[in-house]
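Following are the structures in question.
Two complexes, one shared chain (subunit A), two partners (subunit B, subunit C).
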Partner chain A sequence: MPSSLLVTSLVNTIQIGSLYALMALGLTLTFSVIKLPNFAHAEYVTAGAYAALIISLAGVLNPLIIIAVAFLVGALTAVVSHLIVFKPLERQNVSLYTLILASFAVGLIIRYILFTIADYFNIFDLRIAIPLQILFRTGSLILTNLFAWVAPTSIVLVILLTLLINRTALGREMRALANNTILARVIGIPVERVKNYTWLLVGGMAGVAGALWGLQSAVSPLMGWAAIISVFAAAILGGLSSFPGTILGAYVVAFSENTIMLFLNFSYGVDLAYKPAIPFIIIIAVLLIRPQGLTQLLKRAGELGR
Partner chain B sequence: MPLLQLFNLRKDFGGLRAVDDVSLEVATGAIVGLIGPNGSGKSTLLNLIAGSAERTAGRIIFDGDEISGLSADQVFQRGIARGYQDPSLYLKMTTLDNALLPVKSQRGEHPWYAPWRRFWQKQEAENARAAAGVLEQVQLLGHYDSLASDLSGGQMKLLEMGRSLMGSPKLLLLDEPTAGVAPNLAYEIFEEISRLRQQHGITFLIVEHRLEILFDFVDSVYVMHLGNLLAHGSADDIASNETVREVYFGD
Partner chain C sequence: MINIDLGATAISVLTLFGIYALMSISLNLEYGVAGVPNFGQALFVSIGAYVAGVTYTRLLPLLAGMESVHPCGPTMGQALQLRSEIMATQPVAGFINLALTLVIAAILSGAVGFAVSYVTLRLKEEWFLALVLLVGGETVRIVVRGADDLICSHNGISSVAQPFYFLDDVQMSSILFMLLALALALIAYLYSQRLTHSPYGRMLKGLRENEEVTRGLGKGISLARAQIMLIGSAIAAIGGVLFALNTGFVNTNDYVVTLTLDVWVMVVLGGIGNNRGALLGAALIAIMDRVTQVAAIALNMSGSPIEFNYVRFIAFGIILLLMLRYRPAGLLPESRLTTIAHETAKRLTPGKTI
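Entry: the complex of A and B
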């Protein structure tokens, strides 16, 4: 396989992997703090992407404002779905299966609300059109300002979230909830408030991921749903409980989907259409061979953090 | 006025009545013992007071306010902390983290303050100093950065007690604070309890099976049997009470 192609695919791995990390960390947080494998997570991504697209079409082209609006809309969607659906269900002590099904339902509802909005304004498959500049070019590799926004923003947010979990009072309480919710209540942690804040952060991060995703490819009502299996694969590689494991998992999935897929295509003629199968293979392999994910390989990895 | 009053408190588990119309009082600043054979409902009673179990009927008055029906974290915020027979700590977190968890209204709890260090740094440092003071009191300061899972059984008990103190409680509910602790350390734990009462004016309601130690420290003792209150009196009264001897010691 030619080296120029290899470099391009590695650049893609970094870009896509960073986005996966941003989304998968939210999934890991919801799973450990809220105890919910949330399939509606995909739709917070899409909601953020559409919010970003709509204000960019309205003429706002400053990427920072676009990202901030996407954060707010993603956070709002997540908090509202918590308050209207997940919190009342939790209060009735329903089973995990009910919650998972409810998360599918919430996802469907949000997705088709977005379809309706997209249909009304006729905004399908558009890219968030911030002006494109070429920053760096050598041979076949072209780095634009999009790369300069997508990967660094994701990486900075991932680092901020990790610091928040490990260094702040909120993070300490989230780690406690992840470990034992009942004990958290007994020792006076304001459990409901910490859960609300968790939803806010999770939704906000997903929204930002959506906006960044929309910078590099087209926004459609199905974009979050299309990515969710890869994101779940990344979170499952992290054992759904560890931050470093999830981040590592995100890059492993992105590497498999881009570099390894391209290598298989070049060396063995495997059709690129098999790409969507990769996350499924990863999920099944992890669940069969290492259900605890990569967590145990990382030294001193507790619940979340570290 | 008593700090804690229970009126006809009742708890049913299906057909089983674990706590049957119990009424009792704990005076402010007192150390009160709660004894009884296994399965007599003592731990359930503590759970009801702490809000971690829901009562079937009855009322709980704490510090002049009705607290029946509040959730466990709300009860904690009112000033009641609960200790467990098996130390319930966050084993994968450090000793210092465990002590910092119950601190009320921390600024770093809010997502819009948390990313800006200068908003909460000062308060966090104050909290850490307070936690260091508490850890020193329970002789764990040297272990502040160890994971809780690396502590010994006795140290875990002490850390649990230290963590309760971080919420500045008025009432501590302790469930067998000396269970699984070496005899000489068991006496030290009760001396620590007595010192906390004197220094901080904390009131204690203690479930304990080691009566020979308990009776040296308590102001009064309640005896439970099959969910009912059987007797109430000073340690001497209870020790010489025929009915109590019969159900408790079987002689």
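Entry: the complex of A and C
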């Protein structure tokens, strides 16, 4: 496989891996704090992307404002879905399957509301068109300011979120909730407030991921849904509990989808149409062989380094 | 306004009801009775459809005593003509082919269901089974779509004719197909009623309510779970065969997660754990499907800016949420178990509630 393609695919891996990390961390956070495998997570991404697209079409082309709006819309969608659907269901002590089913229903509703909006304004498959600049060029590899926006923004956000979880009072409360909800309640942690903040953060990050996604490729009502299995694969590689594991998982999934897929295509003639099967294979393999994900491996590596 | 042919509408709704009923009965046995969260219903339905796609292109010409033509690529048109011709002129070959398709589909899908449930015994958390089934369904879909030869990748197989296609009277042939679908649904319903109300069915409900207790009572729960997946998957695949025959197409795009969700809506709407509820859910969804279709066409023709086909999905999501929130037991809640012992006790001690 030619080296120029290899480099391009690695750049893609970094870019898409960072976006996956942003989304998968939200999923991990929802699963550990709220105890919900949220299949509607993808739709917060799409909602953020459409909010970003709509204000960019309205003439706002400053990426920072676009990202901020996407954060707000994503957060709003997530908090509303929590308040209207998930919170009342949790109160009724329903089974986990009911919650999963409800998350599918929420996803379906948001997705087709976005379809209706997109259809009404006829805004399918458009990119958020911020002015392009070429920053760096060597051979066939061209890095534009898009790359400078997408990867660093995601990485900065991932770092900020990690700091928030590990260093702040809110983060400590979230970790307490993740560990034992009943105990957290008993020692006086304002559980409902912490949950609201969690949804806000999760939705906001998903919204930003959507806006960044829309900078590099077309926005469509199905974009989030199309990525959700990859994001789940990343979160499951992190054992659905560990942040470093999830981040590593995100890059592993992106690497398999881009670089390894291209390699298989070049060397063994595997059709690129099979690309969506990769995260599926990862999920099934991890769940069957290492349900704890990469967490133990990371821990062991950390112990060796000490 | 558009004219609606009431007779034809009734036939199509009833046919759809029969097909949906097979799917919802299958999910109700798996989730409603035994508590196995099958989020891969689309997978088992699709197995039936893919089997039909293969048999109607490969097996049918052989049964009619002709050479089979490769259905994809340059000979696509020729193969299509061949199978339409056989279905129009040789009904016996068509019927044998349908019977074999149903049997193969049921066996294959049942085997997959059995195997999946055994493999997933290794899973750490129970809901991973839901994820594995969901993901497995999508994987199979992508692999089938990627394979050029099986059902012609993304082109699919068209003109998979209904078994009564040979009749000149189109309405008669669709009525007969409707009766076939309803008959199969009825058999599935009677079978699942018997199963649910047998001692075995009570054991499955025990498994649903409390795995440890059921295990403690000496029941083999892994085997029971695998068995119910086998039965449920086989019924779903039969629904899949009819689904493909009804639309006339076998295309991977039809067997996405939304189909799985549709079946879940039927079961949750009708009543989880109640076979009659599954029938009611299937009937309501079949009617709603038809109504939204007609409404979408009517609205499009009147120049409405809103695409009604999207509203259908929003409505389904809202129905599902409302049911889960306000009527989690469904429209027809599960009835109390009655056994012969119950009835005898009731007869011997009149006036007392047992």
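Just so it is clear, the second predicted complex is superposed on the first by the 299 of 306 C-alpha atoms of A that agree within 3 Å, B and C clash if a C-alpha of one lies under 4 Å from a C-alpha of the other, contacts with A are read in each partner's own complex, and residues count from 1 in each chain.
As a working rule, a residue touches a chain if its C-beta (ideal position, glycine included) is under 8 Å from a C-beta of that chain, and two chains touch if they have at least 3 such contacts.
Nothing here was measured: the structure is a model prediction, and the numbers come from that model.
Participant: Looking at subunit A, does subunit C or subunit B touch more of its residues?
Facilitator: After superposition, C is the partner touching more of subunit A.
Participant: Once the structures are superposed on A, label A:Tyr268 by its partner contacts, choosing first (subunit B), second (subunit C), both or neither.
Facilitator: Neither partner.
Participant: A:Ala176 in the overlay: touching subunit B, subunit C, both, or neither? Say first, second, both or neither.
Facilitator: A:Ala176: touches subunit B, not subunit C.
Participant: By the touch definition at the top of the document, which applies to A:Tyr97: first (subunit B), second (subunit C), both, or neither?
Facilitator: Second partner only, subunit C.
Participant: Looking at A:Val191, would you say it contacts subunit B, subunit C, both, or neither? Reply first, second, both or neither.
Facilitator: Once the two structures are laid over each other on A, A:Val191 reaches subunit B alone.
Participant: A:Leu200 in the overlay: touching subunit B, subunit C, both, or neither? Say first, second, both or neither.
Facilitator: In the superposed model, A:Leu200 contacts subunit B only, not subunit C.
Participant: Just subunit B (first), just subunit C (second), both, or neither: which does A:Ile109 touch?
Facilitator: Second partner only.
Participant: For subunit A, give the residues common to its interface with subunit B and its interface with subunit C.
Facilitator: Correct list for subunit A: none, the interfaces share no residue.
Participant: Quick check: in the complex, which residue numbers of subunit A touch subunit B?
Facilitator: By the definition above, subunit A touches subunit B via 160, 164, 168-173, 175-176, 179-180, 182-191, 193-194, 197, 200-201, 302-303.
Participant: What part of subunit B is in contact with subunit A in the complex they form?
Facilitator: Those residues of subunit B that touch subunit A are 50, 52, 71-73, 76-77, 81-82, 88, 90, 92-93, 97, 100-104, 106-111, 114-115, 120, 124, 147, 163-164, 167.
Participant: Along subunit A, where are the residues that touch subunit C in the complex?
Facilitator: Of all residues in subunit A, those touching subunit C are 37, 85, 88-89, 92, 94, 96-98, 100-102, 104-109, 111-113, 115-116, 119-120, 229, 232, 271, 273-274, 276-277, 280-281, 283-284, 287-288, 291-292.
Participant: Sort out for me which residues of subunit C touch subunit A in the complex.
Facilitator: So the residues of subunit C in touch with subunit A come to 31, 37, 39, 119, 122-128, 130-132, 135-136, 138-139, 142-143, 145-146, 153, 257-258, 261, 264, 268, 305-307, 310-311, 313-314, 316-318, 320-321, 324-325, 328.
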